[in-house]
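Each of the next two complexes has subunit A plus one other chain: subunit B in the first, subunit C in the second.
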Partner chain A sequence: MSTLTDPEVISLREITKAFPGVVANDRISLDIVSGQVHCLLGENGAGKSTLISILAGLQQPDSGSISINGVEAAITSPRASVDYGIGVVHQHSTLVPAFTVLENLMLGESGVMQEKKRAKERLDELSELLGAELDPQALASDLGLGQQQQVEIAKAIWKGSRLLILDEPTSMLTPQAIEHLSESVERVKAQGLAVVFITHKLREAYSMGDCVTVLRSGRNVGHISVEELASFDEHEAQESILRAMFGEDINSVGDDAAELAGATEAVRETRSIDLSSRPVRLELDAVSSRGLGRDVDVDGISVKVHEGEILGIAGIDGHGQGALAEVVAGQRPASAGSLRFDGEDVTKLGVRGRQHLGVRYVTDDRLHEGTVGSMSVALNLVIKRIGERPFWRFGQIQRKVVDAEALRLIGEYGIRTPSPATRAGTLSGGNIQKILLARELTDGARLVVVNKPTYGLDLKTVHLVREILIEFAANGGSVILLSSDLDELVELSHRIEIMSGGKIVGSVVNDKPGTAEKVGHFMTGAIEGAQ
Partner chain B sequence: MSDLLSAAFVTVFIASVIAQAMPLVLASVGETIGEQAGVLNLGIEGVMLIGAYSGFIVTLTTGNFWLGMLAGAVGGIVANLAMLVLNVWLGLNQIVIGLAITLVGEGITSVLYLQNNAKSVTSLGTAPELSVPFLSDIPVIGPAIFEQSAIFWIALVLVVIAGLFLAKTNWGLSTRSAGQKPSSLDAAGGSVIQIRSIAVILGGAFVGLGGAYLAAITTSTFTPFITNGLGFIAIVITMLSRGRILVVVITSFVYGFAVAIGPALQVLGYNVPADVIRMIPFIVVILTLIIFARSSVVPPALGTPYSRGAR
Partner chain C sequence: MKSAENDKAKNLLDGLVRSILPVILALLVAGLIMLAMGSNPIDFFSGVWTYGVTGSNLQRSLVLSAPLILVAVGLIVAFRGQLWNLGYNGQYLLGAVVASGAGPYLFASMPAWLATIVIILGALLVGAVWSLVPAILKARYGTNEIITSLVMSFIGVGIANLLIKGPLKDPNTPQPQTEVIADSYLLPYIPGTVIHIGLIIAIVIAIVAQFIFSRTSFGLRLDIFGASPKAARHVGINSTWMVILLFAVSSALIALAGAIDVLGQYSYQRANWDPHYGDAVMPFVFLARLSPLAAIPLVVFYAILATGGTLAAQQAGLNADFLLVIVGLILIFMTITEYVGDRRKLGQSYLPPGLKTTVVRLFQGGTGRKSS
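So, the complex of A and B:
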């Protein structure tokens, strides 16, 4: 490990990596200096993850070189990357859920026997360094996300690293856990390690980073050096990063650019409504479900959604959100309790019956549950109305009517497809999401359940999807928005219910600043309570 | 009636349970090693048959049971090489390859047997027995358990070692992670291909050994389709045991009990039709499945070939 007096430099030069149809990294050069936090900013698809894969040895660059203090480093495999002292905390957890913390940390050790005693000592050392308390015998799947991340960091610097890479570490954390994370990063930095911090949120880059590099479409489009960033005030820094992030697109996104880039605290953008004056659209009364799978089911949930209201459901992934969405849509039967839609009991009604009443569901599994990739865009747009007039008559599909409807929806929702006959699977994630929204929100929709509607989409589509939902609500529709993105919930929801372990553990009316903290408080409380 | 429940009868019964259970123990442990690493081998029936025939033919020609067992293990490894190359290395579908191995194993061993050995009834005789001093003097249980062939004891030791390796070594940890979440192993600098290759080879050795045990020790002969679905029962046991070797051993002995109870009932004078007797083990398996199948948890990555970067 190097010391602060002798800074080490990891230089990336002209890194290029192309995949079929897209150049993910286009001649990217940057220097990573020990004892500094280097922020990499850019939206989804800007090439951040590819660059990290190359540093982690999971991908090989087509051209370009990496050197450490002037000596060329050939990172040909994950093993080589570890040997060079590069530790990565990937965006998607690499912890094995069925393993204990200690087993996860020992994975990849050489030597015949598992050396539990030595591993425990190392864990104690790292726990102290990170300022975290980690139970070595706890199963990874029982830990909260914040703690899982601490384990991931411990794993990344397990063998004494020189570089710690954090790939979008904050995207699923509560505000409290983010604060804890940034303390840990400071401590790691103070040890003389270099840190690369990847994010798409501007305010995090500004608060945590010593220097910032912005990627767009695979290129390095802007760098703010340590000195510059220190001399800028927050507003100047924001301006220069935003210009680099959006380029000429900044006009098309307009005033929302800063917000989309997470420059500031999220605030509600939806028009406020007086809940008491609105009729209740959907009421769940102590609803439970029982599935056969191993996922968490809903357990005695009571919520009300009013006309024109967007109800946010916050919670860590896998705490019953999927089950709640399916219970409302009718895909999963309620084993107890009742559902009333516009005052009518719909508990016994199936999927199609509820659809006819106007209940719609946009799944988070766009590619598998949401669409049939090998079928045309047009068929995907009418697939939930199979066998119904006017698209089918006497069992015969009416191609002309289907195509006309498809063209209408393609135009209305701006779905970018070569033709209605194109296979849906060939479109981008954003356009597939537009297909889902178009299909669900048309033809008398009164309530829509959306599960993680903007996950993995590019910023412009994120913006569009949110606009669509806001407009739907403004016209009297009701929305149940399930999301693990707190900023999104705060921007769209009138009220936010917090879900944990299949139960509602708290409720926050989103009408003044500080909502995110309150929601985060309930989420952390629920996790701690569970342990 | 009570005369029939004599000491001699109980001794024979216990020995018979052990003889029926051991091939299943070995095969299930082999299948467990593969499944823990994420490779579901539906070809186990064929692998067992190949192991059984190799074990039988080598014992027959050399007269040496130890060489026979070794040949069984080697036969199992060779049969599993198809799984290794086609699935682990080339990423083809495990179910298709597995069924193919089963069909090939059944076909090859039947043809070879009918071609070479069908003309005369061949019995291998019994393997030399090892009398454990003092313990074999215990009444009833002593002769049943402690006068087995030394092969039984070595097989038991191998099973214990396999269990310890899976639980206590870094290799075991890597193997389990290859079945749970191969991308984690990859990111940690391990090689999924290497770990799965080792697991398939080792698994093949155990399954082949199980087949050889069945031919050379349990039945002292070989007949086509001698396994009679034992491989598939091993798959069931593996899935219910969730990688715990002790559970594998216990459930295998329940099966051994179910097989041995039939002839015992006949000896005791109950007039049970032979067809019913042959059904008993399978009925036990079906009942076990109905009761416990809900708790069967397979490794999440089971059956999925690993390729880096694919999510």
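So, the complex of A and C:
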């Protein structure tokens, strides 16, 4: 391991990688130095994950080279990448839920015999290094997201790494968990490892990063060196990152820039409405559910959503939000209670029946539930209207009509895709989310349930998604917004209900400052009450 | 959209290469093995040609193709939904026993056309009902269908044999076999040939299946279901119903293959007889990328190999089991091509770097990959 006086440098030179219709990485050069946190920023689809997958040996660049301390490194496979001491925590969890922490960590071992004892020692070492308590016998599925993240990091640096790469590690974490993570990163850095940190949050880039590189359309469009970043205050840093990220486009975002950056305190942006004068669109009356999975079910929930209202549901992730969304969408049957939509009892109606009435659902599992990655963007856009006119006639698909509709939605929602025929799974996270929104909000939507609509999205897309929801409500649509991001809830919701353990434990009307504190109070109260 | 067209052409070529390359490689390696065993591969392959294609032999091969195509389409229906119906042997024999067992009575008591229709419907029904156990277990409790369908297959084979040895046994012969159905009652020939119309039925079913898969809303639902059960639920597809339906159709088609084989070719059924069509057809179903139409030429190829190969193997001094070696080799090369193809498309490989470069270099010329 090198000392701080003799830093190691991993140099990427002219890395280029093209996919059909897009150049994901376009002659990217950058240096990653040991003992530093190198932040990588850029809008959705800028090419961050692609660059990481090249470092991880999952993809081969079309051209360009990688060298470590001036010596060319041939990262031809994931194995080779690990051998070079590169550890990656990917955007999506790779832990095996049914395995224990220790088993997950030992998955990468190549030896025939499992050396449990040595593994335990290594885990202790890493636990201390990360400043986290990792129970080797706990099942991965029983861990919270923050702890899972720690296990992923331990897994990534299991082999005494030289470089730790974190691809959007904070997008699903609570503020406390982010705090823990940032401490762990500090410690890893102090050990002399290099860290690459991908995020969409400028605040994190400023507070955790030593230097910043910004990618746009596959190119390296801006670098803030260690010295520069140290000399900037937070505002200056944000300015210069935003300028690099969006170039001239920044004008279109305008005054919202600071707000996008999360620098100001959130205030409600939705127009106020008089709830008492609005008809009730959806009413849940003591609804309970019983799913097949292991997640928390809803337990005797009663809520009302009015026409034109955005109802926020706050709560720590995994407290029945998923079940609530599914019960409303009709994907999970209600075992007790009833649901009324526009006065009509829909308790017994399935997904398609409710879909026809105008109930829509934007799921938080964009990749496996919300889209079929192997199918085209066009098909994904009409996937909920299979068999319906004008897209199908006499049971036969009308490809021209489907393509026309796809082009319309692609244009209206600004989905960036090489063509309607591109496989949806290859689009970047933000664009996949736009597919979901476009599909759910079109064609007579009256109520939409959105679950964590903006996680993992870049600043501009976050802004766009929120605008879309605000406009939908302003036109008389109703929104149930499930989110673990308090700022988002405060910005959009008329009312916020707080959920914990599958129950509603409090309700706050969002009409004056201080909503966030009240919601936070209910949340901690619920947790303490449960203990 | 020139590039899109290029892409399409490239994809088509890619698919063709992926389907045919493994077969060619398998035949080459099979030839080498024959050489090593001291037989002459030229003799063998020319034998396959002589006994499988020339003269009226092609017609014999096509007769064999009829049940094989039906079994292939049956497997494809289930596999497209990611349901691994491995109970084909039992399903085939039960379908066959409907024809061989009920045939002699039905033909004696009603017009031949009516009896034929009743037998076909009966076979379809028996196949569908037989699949309910693994289907319901899968749909309700998520039980692994590979195991349940296999177990049901053993039971099905057993029942067929018991019936032939017991109540359906022809009392006029000492062997345990069913009564022979008179030639005049069997399926008619395609005019000018000695191929029964079962072949036409099979091809029509393959075409209809292809149309349903590629053009209709049901085909798309099926693809979504196969790609991701979670997405299927999200879209509002009833997965219980889907599992039961796919299993029923798959199994019914395989049972139909049995009935048609008896009505078209064998005219009776012996106990302990089991042609294991499903085992032979399996690699070709995957080579055809689960497309019924693409499966037809591959299945016909196998039928020729099987028809001509039996005699040719004897002539070349080989055991007839050598055919299975060829099928096995096709499977192996298919897996390798698949690996390499996937690596090219997704840029991912699970092969160690050393082996990978060797293997990839081997294939690079053949697949026309532009050098990077």
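Rule of thumb we're sticking to: the second predicted complex is superposed on the first by the 309 of 531 C-alpha atoms of A that agree within 3 Å, B and C clash if a C-alpha of one lies under 4 Å from a C-alpha of the other, contacts with A are read in each partner's own complex, and residues count from 1 in each chain.
Criterion: a residue touches a chain if its C-beta (ideal position, glycine included) is under 8 Å from a C-beta of that chain, and two chains touch if they have at least 3 such contacts.
Remember, predicted model here, so these are calculated numbers, not experimental data.
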Looking at the overlay, what does A:L58 touch: subunit B (first), subunit C (second), both, or neither?
-> both
Please work out whether A:R79 is in contact with subunit B alone, subunit C alone, both, or neither, and reply first, second, both or neither.
-> both
Name the contact category of A:A230: first (subunit B only), second (subunit C only), both, or neither.
-> neither
A:V351 contacts which: subunit B (first), subunit C (second), both, neither?
-> second
On the superposed three-chain arrangement, identify whether subunit B or subunit C touches more subunit A residues.
-> C
After lining up the shared chain so the two structures overlap, which partner does A:V22 touch, if you call subunit B first and subunit C second: first, second, both or neither?
-> neither
Now for A:A474: first (subunit B), second (subunit C), both, or neither, which partner does it touch?
-> neither
Which of the two partners, first being subunit B and second being subunit C, lies in contact with A:A190: first, second, both, or neither?
-> neither
So, does A:H92 touch the first partner subunit B, the second partner subunit C, both, or neither?
-> first
Taking the two structures together, which residues of subunit A meet both subunit B and subunit C?
-> 53, 58-59, 77, 79
Flag every residue of subunit A that touches subunit C in the complex, lowest number first.
-> 20, 53, 58-60, 62-63, 76-77, 79-80, 329-331, 350-352, 355, 361, 363, 365, 368-375, 379, 383-384, 386-387, 392, 395-397, 419, 421
Which residues of subunit B touch subunit A in their complex?
-> 168-174, 176-177, 180-181, 183-190, 308-309, 311
Of subunit A, residues touching subunit B in the complex | 53, 56, 58-59, 77-79, 81-82, 88, 90, 92, 94-99, 103-104, 106-114, 155
Sort out for me which residues of subunit C touch subunit A in the complex.
-> 1, 4, 7, 215-218, 220-221, 223-224, 227-228, 230-231, 233-236, 238, 347-349, 351-353, 356, 372
